[in-house]
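After this come two complexes, each holding chain A, first together with chain B and then together with chain C.
Moving on, here comes the complex of A and B:
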């Protein structure tokens, strides 16, 4: 069955039909999805950017932040409703587009969207602003004087990757900062951003015009330059090489924030490995490995397991294998490209031949657990796609030193340990560069308002205009009512 | 397991567990009669899946709770394939497995029970009456019933459904005692929660996780998991088994 190509772009103030499109086909041969991606040259990007800026000044800039929160909340409520037409489109199309298991995408989306409801958005704001009213008007500053936070007229968002929903982070943060957005979607998952804008448009069409969703072929420089020229702030996601190229094209007057690739790992204390808890611990770890086939930066590459518990690290690896096997049936891994399959095979071969190493799992299987008895013991990246290495360690306290060489890449550590160790270990991990410590099983679902890669979500997007502390007393002298 | 040259009748085979069973038999070379109630398109997909798996398949619409329709179903199957070696009673009355909206005991009336008993026991009875003469004439045949592990462990008390399935197990044991001496074996497969099927789609992830965490094999069943034991019981590998109930639920119930 062929369907009309689905439009990925949202171009307020522009006649999308007048543009040329590239039609890209995704998904399995028996259920392909055609997506129409717009061909936008530099002039078209400049026009879209101008239109978004105008809309932003007209609407978004005049909204109190509470209204933006309510609007986002209402849009998210629509997307949380599995029967809503836009959510149904997401549930139907995103799995086919990305190859991820449909149940995994559906459940993952719900869990993710729940972190953008009103209570969570208020938490976002509270996390960054002691007094969020600073986004609406001048507020007293502790040092004296008054300050008001202004988001950029236009923020450029350049997204990457294929984990559905990623654009929502920066779009929501940008809207709360009252900044218009032109977002460039990645070819791997071009649909979510536009569908989110549709949900927003159902609640407040004028607000939805403050967001444009665009695309250009990776490597095309002219449209990217045009966007980076038009924007005051650019947020870019992706690998370091891609980010460096984008940064090189960014004018010095456009502030540039990069979210590069990160790696994560897990640590399991001997107290989580007694006869009752081993299976439960393994299940939580397997869940983190299974979610989006480790494609997100929150996913573990290595699990360090402490010796001395009732289950040895090797026994734990066996439990982990069984849990991955079970998930393979309930949430199958997506079909891999030849390159990805070769990466997994090479990773597996290296694990098999390393001293003190062993591999559990059928070579034809769809998951791999490698076990390292500690002979190597070091952190090393996984091939991803449900390949995980279990490394035996004598003490969890030894782990921070082993990951420290990767400090610029570290992000999340998933911990299973008793409370007294949680803080001591976190202190060491923070020093080593880890920016998020999560419970095992929650690694891939960060809570609302977490400090993304250690930074502030909204605060990083605004600039403060301040009224100098001496300005008011000086103005007082000019007041009509002064005696 | 070679079912080449054998004919298998699977009731309720357009979707879910029934489709998985039909496809698995076809994969072992059987000719499969794909019975369905209403969803012609889904039945056609099952037939296509059977053919792709290497077997022969033939759709027959029939409401198996109607004794006359059950007789017609068997007649059409015999017209097509000449014999029926295996009968799989998989169909049951329409039911939604939703722990949140299920009727509690005091909200049920007898008609709820009656519908389920008709869907399970009456449907099986009508088909067996129609199929058994041919099996007895050859002194060879296998009948497999689909029940549920809820009869042993009502994790969620779906009263009407589970009571009807418990009756079906009793029916199967009595029939096994009767027809064993005449060469026809009767056994039952009792699955745990099977997800996803159209009937179980309302069972939310939290419930599935709760069941999986209690299950030695650490997950809930998929439709394909149920097919293996059904094929086994229908095959000569199980030639010395009758009147048995196999729990196929990852070890949740051990009996």
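Moving on, here comes the complex of A and C:
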């Protein structure tokens, strides 16, 4: 049975019914989901952008940041309630849209949404602003004078479709910066952003008018140009080639922030491989590999395992294979496209035939552990979709040098080691370009307020208007109460 | 079995017409395929290791379809050969456009089987009953590209099927457009069929150059064109319909005589279609090669009508491995298969990353 198509877009101030739609069908043949994606030309995008800007000046710009936090918190509370109709829609539709296991999406979503509750949002603010009141009014600056932070009237968000929920990062940060948003959803997962706006509208309909969710066919330039013209700031996520194309279409007067290709890896010290801890370590590593089938940039491509522990790196690879097999039963991998399956097969063949290489694999290719005894020893990318290479190293201290050639791409290192090594290794990794060190098992769930790719979530979105330090003394001379 | 005997058997198999009874043809193919597998298992150590890791040995493999398919990626890291590379007369290499420029290699202990395979197949599938015709080759000579199987193939075509005046129309400086125009004019003036054969991208370059000059030709009835290999980023990319329309328009050769050859460095036998009046065309091979459509991860055949990855069992590739797993998507149809393009290299979504993108980014770092 097919359902009535679900509208992906949210177009404040516009009659969506008057637009033409593209209907895309997702999901398994026995439970398809039809999504209606409105066709917006450049003029329509410009109109939506104008409407968002008007609403933003009328409401969002007048709200104290504390009110925005409370509103977001209330919207997130609705989404954390698995009985709430909007959350139920997410739980029902996102797995079918993305192919990910329903339990994995459900649990992942809850863990993710929890990082956007009020306490966590306050942490976001505190990370970036010693005094968040600077978002509401002029505050003294350390150098003298006063400053106030202003977000753009309009921020363009161009999202990628690899992991459900991605738009929430930038939407929440944008709202805290009091910036209106026009967000372009990817064809792969066009639904989450609109459902989040629905939850916001239940709490504060006027605030929800400050966000539009739009879509156009990938590669269509005119609507994208219109959005980039209208926005003061553009945030774009995706592959480097796609980002380069977007940047080329961005006017010089629109600030452009790119969140491009990143890769992550894990490191396991011999102290995590004693008899009592090996299984736990392997489970944590398998969890990071399993989550969203390595589609996120914080998912490991390689696990460097130190020799000299009770379990050798090779035995650890065996443990890891067992844990992946266990996860396959609880959170099965999504069905792969032919292209993805061919990529895994090619990766597997390369691993198997490389000198010093061996492969432990599920016969149906649901997961693959490649083992490298150190003959090659280098960092190399995975085909993703639960394909992971275990590389034996003599010392974890040797790893930073091996990943350093890829410094522009590095993001997270998942570490399992003793505390005395944590800081020393992190110092080397930071020098090599790694921007987040996490415990093994936490790689794919960054904490609230983390510095995304080493940058500031809200601070990067604002500009400071400052009152020169000499302005007040000069103004003082003009005060009525001065003799 | 030793090399001399396997070669003799293969040459006889290629030369003989296959049994008209399909069951007998299947049995004949199977019998020789298992001999070739046993030969390769015995003499090709990396392949034997690969097969053993899958529990496939001459004792356990009873059907040709059970011969393990070697992914073409493995040709980059393994020396898959029954004879030591230094004893081989030719080494054909892939162009090395992926995986950091590492090239896959096929070592040929002799070209006698490759050549016999090519000649019989080309005569049947391209020549249309003629013994020879003037052939223009839009590809460099083997002297310029000694490791190119396509250069060898096309030169073999020129030598064995070209009448006097057949020649290469690409030199170190690119396409000889003046020479091409002269040959096409001469062919137009005669009433004898002419054959233009070469890389798909070279034909695009020729189309573009002729369009710049405003030249079009009407080649005599029976003339034909062979393209192969796709565009590979070497020319602009055309949809198949646009490409064959342009060939028909520019050379006056109807699309049904524009034949696409599908071959690979990792094979010694080629597949052809019967013209491209409609695209995608059905590809098929001679009786010593068989194609299956498989799940790339399990190697099992997909259900009829489903899309999968092509695996080929080419008995003529006797010195290397008989069965390869390609990265080409295909679908089985009556009389052969449809080639649907590259299956691998799926673009990684979002901020995660595909292998090729990684290598590119790292080389820039």
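What we mean here is this: the second predicted complex is superposed on the first by the 480 of 483 C-alpha atoms of A that agree within 3 Å, B and C clash if a C-alpha of one lies under 4 Å from a C-alpha of the other, contacts with A are read in each partner's own complex, and residues count from 1 in each chain.
By definition in this document, a residue touches a chain if its C-beta (ideal position, glycine included) is under 8 Å from a C-beta of that chain, and two chains touch if they have at least 3 such contacts.
Bear in mind that the values here come from a model prediction, so they are computed numbers and not experimental data.
By the touch criterion defined above, A:100 reaches neither chain B nor chain C. Once the two complexes are laid over each other on the shared chain, residue contacts for A:409 go to chain C alone; chain B is not touched. In the superposed model, A:238 lies in contact with chain C only, and not with chain B.
Touch criterion met: A:262 reaches chain C, while chain B stays clear of it.
Contacts of A:343 after superposition: chain C is touched, whereas chain B is not reached. In the superposed model, more residues of chain A are touched by C than by the other of chain B and chain C. When the two complexes are superposed on chain A, none of the residues of chain A touches both chain B and chain C. Looking at the complex, you find that chain A touches chain C at residues 160-163, 166, 186, 188, 237-241, 259-263, 294-297, 299, 336-350, 352-355, 363-365, 380-381, 383-384, 405-409. Against chain A, the residues of chain B that register as touching in their complex are 195-196, 205, 208, 212-213, 217-220, 222, 225. Listing the residues of chain C that touch chain A in their complex gives 46, 50, 53, 70-71, 73-74, 76-78, 99, 295-298, 307-309, 325, 327, 329, 342-355, 357-358, 361-362, 364-365. Those residues of chain A that touch chain B in the complex are listed here as 103, 107, 279-280, 283, 322-323, 326-327, 329-330.
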